[in-house]
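Each chain gets a letter, A, B and C, in the order it is written, and its residues are counted from 1.
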């Protein structure tokens, strides 16, 4: 082997090594990134599972400093809040999505599309301030309604965007075929286009629900919290997220223990929604991933 | 959209079909009604945004009037004497986000490259999904875990090392507690990586195969191909991803509030407690006793809103540009 | 020959661009008229003007008249939806509605319009339409299966059945066989020859041999103008215009 080809080979070997090293670094980065996922889930189970007994799911919180009690009202509260928020947010989001998909041009549509994108960048605590200003102060008190509205405000842009995207994925030939049959435009949009995009739209809505189920900040001064059952929409209401937050930062070991249990329940709900919706639509080519 | 004209009964010829195909009057109404309903719902969405901006400006006007621009540079946060300034929180927000990005950006680039270049398609999808799950974990759960696991671990294992090695800088001096700027920064990094990584993966996947092949055909190694073809092509998208991540970090409230210590002081050391714009709002909103106090908190929210919005809009434009390019090239 | 559908001084625009120039053309009843011409000559545009589908595209408009049994479908006050129920259309790409079964697809034109049909009535219409489309024997055992589970040629015949279920008087076929294999193409052509007896058919095709095989009359379009129109035999053996002859003999297109 001549001297130059020896150098060339050495340099090639070094370049190859460097390439392998760098690509190995990217793999390391991926491992480091995914590590917290498993660590957190492991801790949730380790520290929370043992506290999940019947009492946890059926009792309300015990008075400060006392042991025992549960998060029954918090769990129900979360369900109520996301239920009410979805009632407001999902139809509004889907309706707006239908409008945007039908009006590709148009100034109002462009403004609304931009607005939805902008809303997605608003920190959720600021949404809480908005709901406070608009509902809590005029009504002179914290309420379930205020909390649900805050959550709905977070949901609407998400549902709007995914609905529009899913509707646009439907091939335009389908719409034309329906129109050519003499089906009016609105029926075509609902019963042909939206129906074809239905599973994608539903996926978007459920993922938005999963997102708001995990929100705490907007509830801090809207729904606020309640040691007991909330009996009307104008009363403050407890929620899993706020309860976990309150317990976690408290100095009481028993509350901290329950915080882990609550966090486990909360994470299970959220992950079940995320995984569930993807599992159900697993064969569906119409749902973009 | 087809023109919808007024149908009259004179069209006996064209419209004369047996009633079984439906009255032609009904669907005209249907089209109009449908359009109206969707329009109204869209207006609702749009007016929420406008209303939000207005509400924030209106509610922060007492403190805007009282403090003017000095609000942004004052370090006083004195509820008792009703003197409020945003600087400690702006500082806390900036520093914690900087730490978060310093850790998250290299990691995210690595993840993005690994998923788009290294992993076979099926593995890339599954790993990408797991990264998405990280984003789905509620922030209060992150905070809880950080209070009891991450914080103590940093305090007991990492901070001593940093203190010894880099203790000559004021960044790593002082007593070590489990709630600190450093803990908040690291936690934010963990929470923000999924967002930046997901966008980076999309951006890198959008690089046309022809670019990669051109580099490889020249004899480049994998890493050289990435450096020459993938990274430059995806640069604007990556910047957009970083800005999206920054926006996310700025707005993260609960997890940060749980581990940053909530002390409205500016201190050089990362080991010391601090506070961010979002965390102080979360902590003190329900305790704000006076109008000026509340209004100052709302003004902090306004600052947060404006910065978050600007970042988000610019970031989206960058990312859209980067991922559109492949579509155009391939077509 | 009674004239079922007549286009008079028809022009079509996409925004400022004029795609059809002052076309006057008569389609006799119960006959098949083919429209041929090179790509981009306006064949599809012309046919889409005949059932008011052209205006569905943003910025598109028409000038002139199209008379169905003597009445202008573009007259003010005429509802395009009603027009499309009398003039049906089958597109180039078979588009069964993916969320519907075969029988639901066939009945779609009626059900989507809210026409309440009792089960036996609906089954009767579905069977009749599928028989007319020469698809009944192949699918009668699996009417509940999704429409998308059929082969390309079957899907296209399903689209024909779907169009027929609404009982139109005219059938517009916009290159219905372009996306199909030769065997399916042959079956569709057979089908069209059968349907001719009860319907007026307008067939757009880029395949001259198809026009020569199936159509009674042929119109040749070139860059938005009607160049020649007459009996198919005459067009293909003794064209009057030189452009027609050039196209037929393959000098361009």
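The rule we apply is simple: a residue touches a chain if its C-beta (ideal position, glycine included) is under 8 Å from a C-beta of that chain, and two chains touch if they have at least 3 such contacts.
All values derive from a computational prediction rather than experimental measurement.
**Q** Can you tell me which chain lies farthest from chain A, using the average of the Cα atoms as each chain's centre?
**A** Greatest centre separation from chain A goes to chain C.
**Q** Between A-C and A-B, which chain pair shares more contacting C-beta pairs?
**A** By number of C-beta pairs in contact, A-B is the larger.
**Q** Measuring from the mean C-alpha position of chain B to the mean C-alpha position of chain C, what distance in angstrom results?
**A** Chain B and chain C have C-alpha centres separated by 52 Å.
**Q** How many angstrom lie between the CA centroids of chain A and chain C, rounded to a whole number?
**A** Using C-alpha averages as centres, the distance is 48 Å.
**Q** Where the CA atoms of chain A average out and where those of chain B average out, how many Å apart are those spots?
**A** So the centre of chain A lies 14 Å away from the centre of chain B.
**Q** Got the chain C residues that touch at least 2 other chains?
**A** 56, 58, 81-83, 85, 113-114, 166
**Q** Among all residues of chain A, which ones touch two or more of the remaining chains?
**A** Answer for chain A, listing residues that touch two or more other chains: 179, 182, 184, 187.
**Q** Hunt down the residues of chain B that sit against at least two other chains at once, touch-wise.
**A** Residues 1-2, 4, 21, 27-28 of chain B each touch two or more of the other chains.
**Q** Considering only the defined contacts, which chain A positions touch chain B in the complex?
**A** Residue list for chain A touching chain B: 15-16, 18-23, 25-30, 32-34, 36-37, 39-40, 43-44, 47, 91-93, 95-96, 98-100, 102, 108-109, 111-112, 115-127, 129-130, 132-134, 153, 156-157, 160, 179, 182, 184-187, 189-190, 210-211, 213-217, 220-221, 224, 241, 244-245, 248-249, 256, 259-260, 263, 266-267, 270-271, 274, 278, 289.
**Q** In their complex, what parts of chain B are in touch with chain A?
**A** Residues of chain B touching chain A: 1-2, 4, 21, 27-28, 30-31, 33-35, 37-42, 44-46, 48-49, 51-52, 55-56, 58-59, 106-111, 113-115, 117-118, 125, 127, 129-134, 136-145, 147-149, 190, 193-194, 197, 221-224, 226, 247, 250-254, 258, 278, 281-282, 285-286, 298, 301, 304-305, 308-309, 311-313, 316.
**Q** In the complex formed with chain C, which residues of chain A make contact?
**A** On the chain A side, the touching residues are 104-105, 171, 173-174, 176-184, 187-188, 191-192, 195-196, 198, 286.
**Q** Report the residues of chain C in contact with chain A in the complex, numbered from low to high.
**A** Against chain A, chain C makes touches at 51, 53, 56, 58, 81-85, 88-89, 91, 93, 95, 97-99, 108-109, 112-114, 159, 162-163, 166.
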